[in-house]
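Have a look at these structures, which come just after this line.
In the two assemblies presented below, subunit A is common to both, partnered first by subunit B and then by subunit C.
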Partner chain A sequence: MNQLIQSLVDALSSGATLGLAALAIGLVFGVIRLANFAQGEIITASAYSIIFTWQLGWYVAIPIALIIGIILSLLMEVGVFSRMRTATPATLLVASFALSFLLQRVYELLFTNNVQTAPVAPELARSISLGGIRVQMLSVATILIAGLLLFGLIQFLNKSIWGLQLQAAAADFRTARLVGIPASRVIGLSFVLSGVLAAAVAFVSTVKTGAVGPTFGIPIVVLALIGAVIGGIDKIYGALAGGFLVGFATSMLASWLPSDMSNFKDAFVFLLVIIVLIIRPSGLLVRGGTVRT
Partner chain B sequence: MLTGDIGLIVSDLAVDYSGVPAVRGISFDVPAGHAIGLIGPNGAGKSSTLLGIMGAVTRQGTVEVNGQDVGGLSPEKVVRRGVSLVPEGRHIFGALSVRDNLRLGGVGRRSKDGYDDTLAYVLELFPILGEFADRQAGLLSGGQQQQLAIGRALMADPDILMLDEPSLGLSPTAVDSVFDALSAIRQAGKAVLVVEQRAEFTVAFCERTYVLHDGEITLTLQPEDAHNVDKLTKAYFG
Partner chain C sequence: MTERNLRWRLAPLWSLVSLLLLVYVVTLVNSFLGESVQVQMQYALVNLVIVVALYMFIGTSGVLSFGHVAFVALGAWTVGLLTIEPTLKRNLLSDMFPFLFDVQAPWLIAVLIGGLVGGLLAVLVGPVLMRLNGLQAGIATFALLLVVGQVLTYWSSIGPRSGQSMVGIPQVLDLQTTMLLAMATIVVAWLFQRTRPARLLRAAREDGIAAAASGINIVTQRTIAFALSGVVAGVAGGLFALTNRVVQASLFGIELTFITLAMLVLGGMLSLSGAVVGALVFSLIDLVLVRLQNGLEIGAFVVSIPQGSRPIILGVLLILMLIFRPSGLTGGREIVWPFRARAPLPGVPPTNE
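Here is the complex of A and B:
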């Protein structure tokens, strides 16, 4: 029983992390049809900043990680993607691959190929007892951070006029412009929010590993992209739920697969993804997402 | 000749899609307080004309709104110059509430002043939108969605309201209700440009109706032509 609850808490934590990462991808995709693979490098940049500045205190390191996430995200938009407005989603995806590989090489040049380490929030690495059941404090903290972020984000999206503009643009970009919603404002906003989410994901992932290398963000963004696609990448909340499901399933498989099969947990996840996409190509959580004939 | 302040002047407007012409240098104007119709068969260039005026497609020629050239402006900036479009198929934001759709319509206003007055005007014009303010817009009936789409466009407080096939897919009662509202909007001094398939209805409603064929204006009809079957048949079939 204890093991089940522990693995459930870990799975919720992993799901929350990937949910945030997938939401960042879904926000941008909804507006400009860009599945930004280079989102992983925004996570990596924020993670490096946390490693290098943690000794200055969390109240310095976390704001710096946020600022770096937002600035790098906006730089990608201004420097690359804004110049490709008429490009197809496939071209944009390829461009984001190129940007991702370029930034990985930049990180190698700046910080070498070796991982950089620092004890980030070591107090969260301990386990605590909740009602007699021991759970990782980091897992609980991750669930709380993700929950608070999501609550704030949902309030912003549903209550503020800026959030409504972002939702409208994500639902129907052309009509949003015809209604008078400024394209540049909502695109910029989607990149700012994706930068904030990248910093949050970087924080919880850095606390978990304590080490950051040039490809730190890749495994996160791959799973987040898969989650966003199976949830329905063009629906903001679909991407979030899809990311959560993939994170949850990956963690549960890691906990419950026999030890000689645990290395294949990603293969099982990908198999699940293939099955879902065959049955519902538009995404698991998109209404009307049935097989195309 | 129609009299009244000229709200919209379109001169030599041309629109093409990758070199394939959709609109071939048409000119017309829409005075304030008048309704002007554009009719014609499918593919005549009616919707492209509206999108060209909005700057949503690449266009040539000039488009003047209240004496100011809006050529080269993005759709959102054209809205801020006083032109609103109710797109074909309504395109309301179905996942959002009626209230939020109307709020979003207000984003394109030239001035924040008078927002409450405009909202009161829209709710007076379409009381059902007030009644269903918290309902998800996608759950409204087709006629109610059309009212919402017009209400959303009016929230920008435009001088020129353009509608692309507002009767499409609506019941006769809903069509009457929409055109009653358009009458009131016209009487309030706004210029109305309406694209329609229903020729007889449009010709009767509008002070002047242009017939488009293959991207060109081929005929101008007056309200008294509404029941002239020969003229209407010629308008569509040449």
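Here is the complex of A and C:
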């Protein structure tokens, strides 16, 4: 029982992390049909900045990580993706692959292939006792951070004009423009929000590992992208739920697979993904219809 | 047969001959440039075969696949298992199924079996995966790549333990043989282009709804192309194993997938010429950059670029290509006979240019 609750808390936190990462991908995809694989490199950049600036205090490190995430995200849009508006989603995905590869090599050149380490928020790395059950402090913190961020984001999306415009554009970009929603604003906004989410993911991941290398973001973005697609990358909440599901399943498999099988946990998740895609190609949460491509 | 008619019939053959000549000339020139260039050229030819395999599926069907490197991995694995000395296998790969210790095959047979194993996986997963389109197809094939990668990494009954690699693959493949085999796969791809399944698939690529309405079973045709390209990718994997002579699951991951896909996109993914030209141009640029990184002497000057900048320059070039010429160097066309005006198709009036 005790172990079950522990593994559930871990799975919730891992699901929350990947849910945020997948949401970032889904926000951008909804607006410009770009499944941004280079989202992983935004996470890596924010993670590097957290590692390097943590000693100055969290009130310095976290704003800097946010700023770096937002700036890099916008730079990608301005430098590359805004010049490819007529490309197909497949071509855009290849371009984001190229960008990801390129940035990894830049990080290698700047920070070497070795991991950079720093104890980030060591006070979160303990386990605490909640009613006799020991759980990882970080898992609880991750769930709280993700919950707060999501609450804020949902308020923003549903209550503010800009948020509603973004939702409209994500639902149907062409019609949204016809009714006078400025394209550049919603596109820019989606990239800003994905930068913010990347910084949040970078924070919880660096607390967990305390070490960042050039390919830090890759495993996160691989799972997030897969999650976004099986949840329904076309719908903002579909992407979020898909990412959560993949993170949850990976963590549960890691806790409960027999030890001689645990190496294959990712293989099981990917098999699950293929099965979901076959049964519900347009996404688990999408009722009917097909994804516009 | 009139002269015009003859020219019209020979035109597609020229697109094949010119590609074979191109591969021959590039290999020949590079074989004079010292041993390190020769080795790099051999890797370039192996990559060329992978790109041709990618073209056979992606170019014909218009569906993105990130999964072909899984077939490459299986081909390499098969060749490794079939060509390493039995005693060496017993010592190094002790966890394997016992029957794998004794199976042996001459290298060329092993490469062909590798192709069949790649094709077999493609046939098994094809009927299911080929129902997907666009991004979903990309993600599902990507998941296939990751599953195969995980299984090869951790399942020590069919290979080395995780983190270790297969060593002791014999040195049997030279540059000339690699070139001939690469040419053979180009011929195979060219022949495939002219078959009925390939024509039906191209129709489906241009307009899926119209093609389906005309009675084309898209899933079946795609599966055929997927299986054939899986065979070619498996063969490429076998050649990779014999070239690299060390095989490890981590070699066949996201990076190889990205590099080979980049070559295809660079050349233009809708034509065989695009696949071949893309692979050769990418490899040649890479060769020059390696030279520059080590310092290239031109007359009295030494031109050099900083260490580690090679992949960055390649990445920037690819992104610029995608922005300014998304249809690739060849623009999705085949190479045509360059010395006379192109023969007009029967019934199409000649245009004034």
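To be clear about the criterion, the second predicted complex is superposed on the first by the 288 of 293 C-alpha atoms of A that agree within 3 Å, B and C clash if a C-alpha of one lies under 4 Å from a C-alpha of the other, contacts with A are read in each partner's own complex, and residues count from 1 in each chain.
In this text, a contact is a pair of C-beta atoms (placed from the backbone, for glycine too) under 8 Å apart; a residue touches a chain by one contact, two chains touch by 3 or more.
Here the structure is a predicted model, which means the values were calculated and not measured.
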Next item on the list: Judging by the criteria at the top, classify the pair subunit B and subunit C on subunit A as clash or fit.
Entry: fit
Check: Once the shared chain is lined up, is A:Glu108 touching subunit B (first), subunit C (second), both, or neither of them?
Finding: second
Item checked: Superposition-derived comparison: subunit B or subunit C, residues of subunit A touched -> C
Note to self: After the superposition on A, what does A:Ala118 contact: first (subunit B), second (subunit C), both or neither?
What the structure shows: neither
Next item on the list: Report for A:Ala267: first if it touches subunit B alone, second if subunit C alone, otherwise both or neither.
Entry: second
Note to self: On the A-aligned overlay, A:Val94 touches which partner chain: subunit B = first, subunit C = second, or both, or neither?
What the structure shows: second
Next item on the list: Classify the contacts of A:Val192 with the two partner chains as first (subunit B alone), second (subunit C alone), both, or neither.
Entry: neither
Checklist line | Cα-centre angle that subunit B and subunit C span when viewed from subunit A, reported as a multiple of 10 degrees | finding: 90
Check: If you take every C-alpha pair with one atom in subunit B and one in subunit C, what is the shortest distance in Å after superposing?
Finding: 15
Note to self: Per the definitions at the top, what is the overlap between the subunit A residues touching subunit B and those touching subunit C?
What the structure shows: none
Next item on the list: Using the touch rule from the top, collect the residues of subunit C that touch subunit A in their complex.
Entry: 64, 128-129, 131-136, 138-140, 142-144, 146-147, 150-151, 153-155, 162, 254-255, 258, 261-262, 265, 306, 308-309, 311-312, 315-316, 318-319, 322-323, 326
Item checked: For the subunit A and subunit C complex, residues of the former touching the latter -> 35, 80, 83-84, 87, 89-91, 93-95, 97-99, 101-102, 105-106, 108-109, 218, 222, 225-226, 229-230, 233, 263-264, 266-267, 270-271, 273-274, 277-278, 281-282, 291, 293
Check: subunit B touches which residues of subunit A in the complex?
Finding: 161, 164-165, 167-168, 171-172, 174-183
Margin query: Which stretch or stretches of subunit B touch subunit A in the complex?
Written below: 54, 56, 74-76, 79-80, 84-85, 87, 91, 93-96, 100, 103-105, 107-109, 152-153, 156
